[in-house]
Every structure is written in structure tokens, then in C-alpha cells.
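Structures incoming, each one as C-alpha cells.
Heads up, the next two complexes both have chain A, just with different partners, chain B and then chain C.
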Partner chain A sequence: MGFEVLLKGTNFIRLLQGLWVALRISLISVGISIVLGIILGTLMSLKKPVITAVSRVYLEIVRIMPQMVLLFIVFFGFSKAMGLNLPAEASAIIVFSFWGTAEMGDLVRGCLISIPVIQYESSYALGMSKFNTYFYVIIPQIIRRLIPLSINLITRMIKTTSLVMMIGIVEVLKVGQQIIEANRKSSPHAAFGVFATVFLLYFLACWPISRLSKYLEKRWS
Partner chain B sequence: MGMEKEVLKIEHIHKKFDDLTVLEDVSLTVHEGEIIVIVGPSGCGKSTFLRCLNGLEEINEGHIYIDEEPVNPAGKNITKIRERIGMVFQSYDLFPHKTILENVCLAPVKVQKRKKDEVKEEALKLLERVGLSAKVNSFPRQLSGGQKQRVAIVRALIMHPEVLLFDEVTAALDPEMVREVLDVMLDLAKQKRTMLIVTHEMAFARAVADRVIFLDGGHIVEDADPKQFFDSPKTDRAKKFLSTFEFEEK
Partner chain C sequence: MDTEVLRSYLPLFWEALILTVRIGWLGIALAFAIGIITSALLHFKVPVLSAVAKVYIELFRNTPLLVQLFFIYYGLPVLGFQVSAEGCGIAGLGLLGGSYMAETIRSGLDAVPLSQTESALALGMNKRQLFGSIVLPQAFSTSVPALVANVIFLLKETSVFSAISLMDLMFTAKDLIGLYYDTTEALFLLVIFYVIMLLPVSIAGSFIEKKARFRIFG
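Now for the complex of A and B:
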């Protein structure tokens, strides 16, 4: 079946290292996306025409463009056009954050406008200051709605990191390919075993995260 | 009545939304222990009037005083003033992420800096009084509309406000739940609390009010004791309004 290939030398360790590369790119990108997304979402909820127009164009670009095209633009395009020679991993993080910020921004905006005005007013009517109102009433509600949604974004990012091998990053899928290539002679049928293991690794990384999101959603709904 | 302290003084207030005048030269003095019921057709400015009193709406002209202190939404002491004016809204707007007990205890602990234990004890006592002892650890979504509205009343009461404002608190409730909320308010009336109540429940208004204010087109059209207002309204506008609650027999 090809599983035996993984027991040779450091093959399995390399696969895990590849997984870590994928996880690292998505976690850093999600971190950046959450911070920038909160800022973007707050700005969008202000309903200023200019901000609304700009953010709508931005969101559409992200929605329409395949992530791979974005990766190529940043990694190959920027270096040619602007002499900006970005390392592959940095390019990947930029693209994933660009995508994540758009999604988070939209989520934050949605959460902010979904809190009814009366929640603010009933808090003010109790003598609560603006700060207290946001701190104890509004933000906790937003976080409860936001966390399950942003966890969902993390799992989608982890899955999409399989694209970054196209710009030369050796992540888990690429490591798998390399192992298959290197052992073509000795085990010509390694593909199934190796890719099945890669599948399992993705699953092990994403499943707990998605369970957590389901759990939180249920608990806070 | 004349001997009682003047708690709330409203002097010639005007309120506009853009070009629309909602309140025009409204004045009213509320004495301690007085229960004033405000009635009028929808859109007459009743809710806006209440919302001006605790500074949720800014007034364009005039003055509002609580115990001689001006109510100014932009003023620094507005939170202090709102502590003294409790308000209950139509859409029992509890904080959905907090339990019933946490909903009630939040403001006294965070705003008035009272001791947690003391606040909790009082909260439990008040919740028991409105028949919700069994629900203290529930979340708002687990309660019926009537139960939520009773919690909202307790949440306002625990701040020990000098005046209570009720803005159509039964309007969003199913008919069978109206009574349980009105009973709580009747209980408050017996305790001689100062209250301003906007309502469409005419029978309740008649039973509870010391004074009825009829608001129409942004003006106070009548200011009378309930018996007089409901039995022999002076103005045609009030007669017409009251007739909308009556049905002729077939």
C-alpha cells in the first residue's frame, strides 16, 4: 500500500514538518486577519460612503480571484514589477492575510450591525458609560458570534495552504510528493499510502478545530 | 399633591427629527410618588418624550431637571443621572450572553460599585417578588416574553431609581402575558413609586394613574385625573382617540 515508505529514514518526521509549515502559515495569517479584520469591519460598520465603496471593491476582488492567482501575483509579479523580492512564505502569509482580512472584516461588520441599537440603549439607561457598555455588553456578544466563524476560517486556510507549494514552499503535500518521487524505484505504489497519510494529517489538524467551533456555537447560541 | 417634592421638571421642551417636529413645547412637573400615564395615538411622541427624560434623545429646546439637576445627554454627569431614572423598554432587551442574575447585578456592581454579595442578595429578593426565583441562573432565551419583561423591571429597580419610565412594556407581549407584567407594575404603584408609564392598556391606565396625560401631535392635549379623562374627555381629539378602544355591540 505504500505506508512502509514513511517508516524509512526521516520521512514521517519530514511530513510532520511539512504539516507544521502549513499550520504556521495559516495561524500567522489568521492572527493578522483577526486584527486587521476587526479594524476593517469596524470601519465598514460606520457606513461612510468612501470606506464602503473601497471595501466593497476589496471584498469582490478577494471573492472573485482564485487564491492561486493572488499567490502568483505577489510572489512572481511583485518581484518583477517592483523589484520586491519576497520570500515564498512571506508571500503566502500576505496573500492569506489579504484574503482572511476581507472575510473577517465582513464577519465583524455583520456581527456589529446585528447587535440591536436597543442593547446599547438599555445599557446606557442603566447608567453604564460608553466604555462599560462596549466592554460588558457589546464586545462579549460580538466575540461569541465571531469565534466560531473565525475558527471556520482557520480550517479553510489550513486546507488552502496546499496551494503554496506552487510557489515553492515545501509544505506537507509537497513533502509527500517528494517522498513518492524519491522512492519511485523501491516502492512504486507509495502514492496511496503517502497521500492517505497526508489526508489523515489534514484531518487531525482540522477536525478538533472544527469540533471546537461547533461546540462553541452550540454553547453560545 | 402640592406638598410633595418635585422630582422631575420638564420645561417647554421641543424635539425634532430633521424636519419632523415630534414634541412641541411640552412642559410637565412630576411629584414624588406620582404615577403619570401617558396615552395617545401612535406617532404622537410618547416614546420620544420618555427617551428625552433620561437623555437617550437630545432635546432641541427647553430644559429637563431631575431634583434641580439638568438632564443633558452630552453632559459629563449623564450616567449619574441615568442611574436615578430607571427605564424599561418595549422589547425586553436583556443582555443575551448573561444569566438573569448577571443581567440584574451588572449595573449596580459596575456602575454604582456596590458590593457583589449585597447586590446579589437584593437581586434574589426582587426576583422572588416577581416570581422568578426558579430562573435566576437561566439565560434570557430560556424565558417567555412576560418573564423577560419582569426581569427587565427588576434590572431597573435594583438601581434604586427615583423615577421609573415604562415605554409600552406590554405592547410586544402575547395577551396572556400582559397581566403578569401589569401586576408587577401595580405592585410598584402600591409602593408609591414615581412612575411615568406609556401604555395602550386603557383599563390598566385608569386603575393605576394619578394623572393621565393625553399627547397628540407633539402637544399635551389633556392633563387630567383618570376618571375625568376616561369618562368625560374635554377635547374632541381625546374623545376620538378613546373611541378607537370601544366596539359597538352588534
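Now for the complex of A and C:
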């Protein structure tokens, strides 16, 4: 079946290292996206016409452009058009942060406008200051809604980083291909075992996170 | 940017667009079919099969399409399932999309309040009337925005097909960059063709969302 290839030498360790490359890119991008997304979302909820127009164009670009196209533009296009030679990993982080910021910004905006006006009015009526209103009433509610959604974004980010193999980063799929090629003679069926393992590894990386997100969503709603 | 180059690339991109759209919509049709069947299994709590449906949804929702395609295209032939690249693309998109559609449709069905079902039964409606004229329309109207988002997501996901050597838009662009090094022109056309493919869907999607927004009663 081809699973025995993985037990040879350091093959399985290499596969895990490949997975870590993809995970590292997605975690860095998620970190950047969350920070920038909160800023973007807050700006969008202000309803200033210029910000609204610009952010709508930005969101629409992200909505209809496949991440792969964005990767190609940054990785191949930037170097040709501007002479800017970005390493593959940096281009991947730029693209995934660009995408993630839009997603996160939209989530933050959605959460901010979903807090009913009555919450503000009631706390003012109780004599709370503006700071107290935000600190004790509004922000806790937003965080409760936001955390499950942003955890969900992490799993989507991890799944999307599998694309980086297409711009030459050696991550888990590429390592898998290398292992299959190297053992072509000794175990011709390696493709099944290796890709089934990669499939399972991605599942094991994403499943707990998406369960956590679902659990928190149920518990806090 | 060289207009001469752009013009000579156009037919290649056009062919690639047709292939991408064809595989994309066939895959989405398959995704809808799988999604409807799977969500029905879950909603009616069919023994055994609903457990299988749950495992399927979790497996395919938590893995990237690229990995699924590699498994189907390179892994399965070892077991004797030889599928053409095109069939593999459609199957992959259908399986991935099916798991997303199933979740969406199921949550739409669950969102219909129990009082609706009870009232319909109290009025003496039979199972078919209950499902066809009470539950389904309401479930549909709540899940439309998510269904539209799924369709756009799946059309975007078609961009990974180049990895299993299907001559889609991505493949064409990469090929042309490799052959002639006219990177700017190839990438420009790539963007334009994705806009041609996705912008109408995006606009039609928002239109359908507005049309399908009924009120949820109860």
C-alpha cells in the first residue's frame, strides 16, 4: 500500500517538518491578519464614505480573486514589474495576510454592528462612562463573538497554505512527492500511502481547531 | 505591456476559461447533489448512514482541495481506480463542495423553528406538505447567502487544478510565463479572465440573496 516508505530513514520526520513549514506560514499570516483586521474592521464600522468605498473594493478583490492568482502576482509579477525579488515564503505571508486581513476585517465589522444600540444606551442610562461602557459591556460581547470566528479563520488559513508548493516552497506535499520519487523502484505504490498520510496530517491539524471553534460558538452564543 | 502579446495569448486563455468553467460548474452541480443527499441523511437521522455522512463532512471540510486532488489523482490509481484528470477535478471539487453544502443546508434546516413543524402538523398537513411547503422554503431562504458564498469559493478553488495537469487558467498563465517570460501580460490576462468568470457570479449572488430573503416566522 505504500505506507512502509514512511518508516524508512527520516521520511516521516521530513513529512512533519514539511507540515510545520506550512503551519508556520499560516500562523504568522493569521497573527498579522488579526491585528490588521481589527483595525480595518473598526475603520469600516465608522461608516465614513471614503473608507467604505475603498474597503468595499478591497473586499471584492479578495472575494473574487483566487489566492493562487494573488500568489502568482506577488511572487512572479512583482519581480518582473518592479524588480522586487521576494523570497517565496515572504510572498506567501504577504498574500495570506492580504487575504486574511480582509476576512478578519469583515468579521470584526459584522460583530461591531451586531451590538444593539440598546446596549450603549442602557449603560449610559446606568451612569457608566464611555470607557466603562466599552470596557465592561461592548468589548466583552465582541470578543465572545469574534473568537470562534477567528479560530475558524486559522483552519482556513492552514488549508490555504497548501498552495505554497506551487511557488516552490518545500512543504508537506512537496516532501511527499520527493519521497515517492526517491522510492519509485523499491516501493512503486508509495503514492497511495504518502498522500493518504498527508491527507490525514492536514485533517489532524485542522480538525481539533475547528471543533474548538464550534464548541466555543455554542457555549458563548 | 505589449498589446501584440496580449492578442496572441487571448485564444489560449479563452480555451482555458471554457475548460475551467466547465469543470467548475460540473463540480458545483455534483457538490449540490452530494450536499443535498448528505444533509437529508443527517436531518432525518438515518441510522448508520448519518454517521458515515458526519465522518465524510469532517474529513473533507478539514483538508485542502490540493491534498484531496493529489490523493485522488496519484494515490487512488494504486488501488486500481484510474480517473482522468478532468474526472478527478470534478470529483475533487464535488467532494469538497459537498461537505460545505451539506453543512450549509443542514444548518438551514435546523434553523427552522420547531413551532413551524408543530403548527403544520396541528393543521393536519401530511409529511410531504410539511416538508415541501413549510420547512424547505424557510430553510432555503436562510441558507442562500452561505450557498452563494460556497459557489464562489468553489469556483475560486478551481485554480488548484493546474497541479494535476489540467490546462486551466492558472496552468496556461504558468506555462506562458515559463515559455516566453512575458510575466506582466500573462498575469494581467489571468486576472482579467478570473474577473470575467467570477464577477458575474458575485453580482448575481448578491441579487439572489436580496430576492430570497423571506422572513423567518416563529
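Rule of thumb we're sticking to: the second predicted complex is superposed on the first by the 221 of 221 C-alpha atoms of A that agree within 3 Å, B and C clash if a C-alpha of one lies under 4 Å from a C-alpha of the other, contacts with A are read in each partner's own complex, and residues count from 1 in each chain.
One rule holds for everything that comes next: contacts are C-beta pairs under 8 Å (C-beta built on N, C-alpha and C of every residue); 3 or more make two chains touch, one makes a residue touch a chain.
Predicted, not measured: the structure shown is a model, and the values here were computed from it.
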item: Clash-or-fit label for the pair chain B, chain C on chain A; value: fit
item: First, second, both or neither for A:Gly127, with chain B first and chain C second; value: first
item: Which of chain B and chain C A:Phe72 touches, first, second, both or neither; value: second
item: Which superposed partner A:Ile64 touches (first chain B, second chain C, both, neither); value: second
item: Contacts of A:Ile118 with chain B and chain C, given as first, second, both or neither; value: first
item: Touching partner for A:Trp20 - first (chain B), second (chain C), both, neither; value: neither
item: Larger contact residue set on chain A - chain B or chain C; value: C
item: Which superposed partner A:Trp220 touches (first chain B, second chain C, both, neither); value: first
item: Minimum Cα separation, chain C to chain B, after superposition on A (Å); value: 15
item: Interface residues of chain A shared between complexes with chain B and chain C; value: none
item: Chain C contact footprint on chain A (complex, rising order); value: 1-2, 60, 63-69, 72-73, 76-77, 79-81, 155, 159-160, 162-163, 165-166, 173, 176, 180, 189, 191-192, 194-196, 198-199, 202-203, 206-207, 210
item: Chain C residues touching chain A - in the complex, by the definition given at the top; value: 58-59, 61-64, 66-68, 70-71, 74-79, 152, 156-160, 162-163, 170, 173-174, 177, 181, 183-184, 187, 190-191, 194-195, 198-199, 202
item: Residues of chain A touching chain B in the complex; value: 116, 118-119, 121-129, 132, 136-137, 140-141, 144, 220
item: Of chain B, residues touching chain A in the complex; value: 54, 56, 79-80, 82-83, 85-87, 89, 91, 93, 95-97, 106-107, 110-112, 152, 155-156, 159
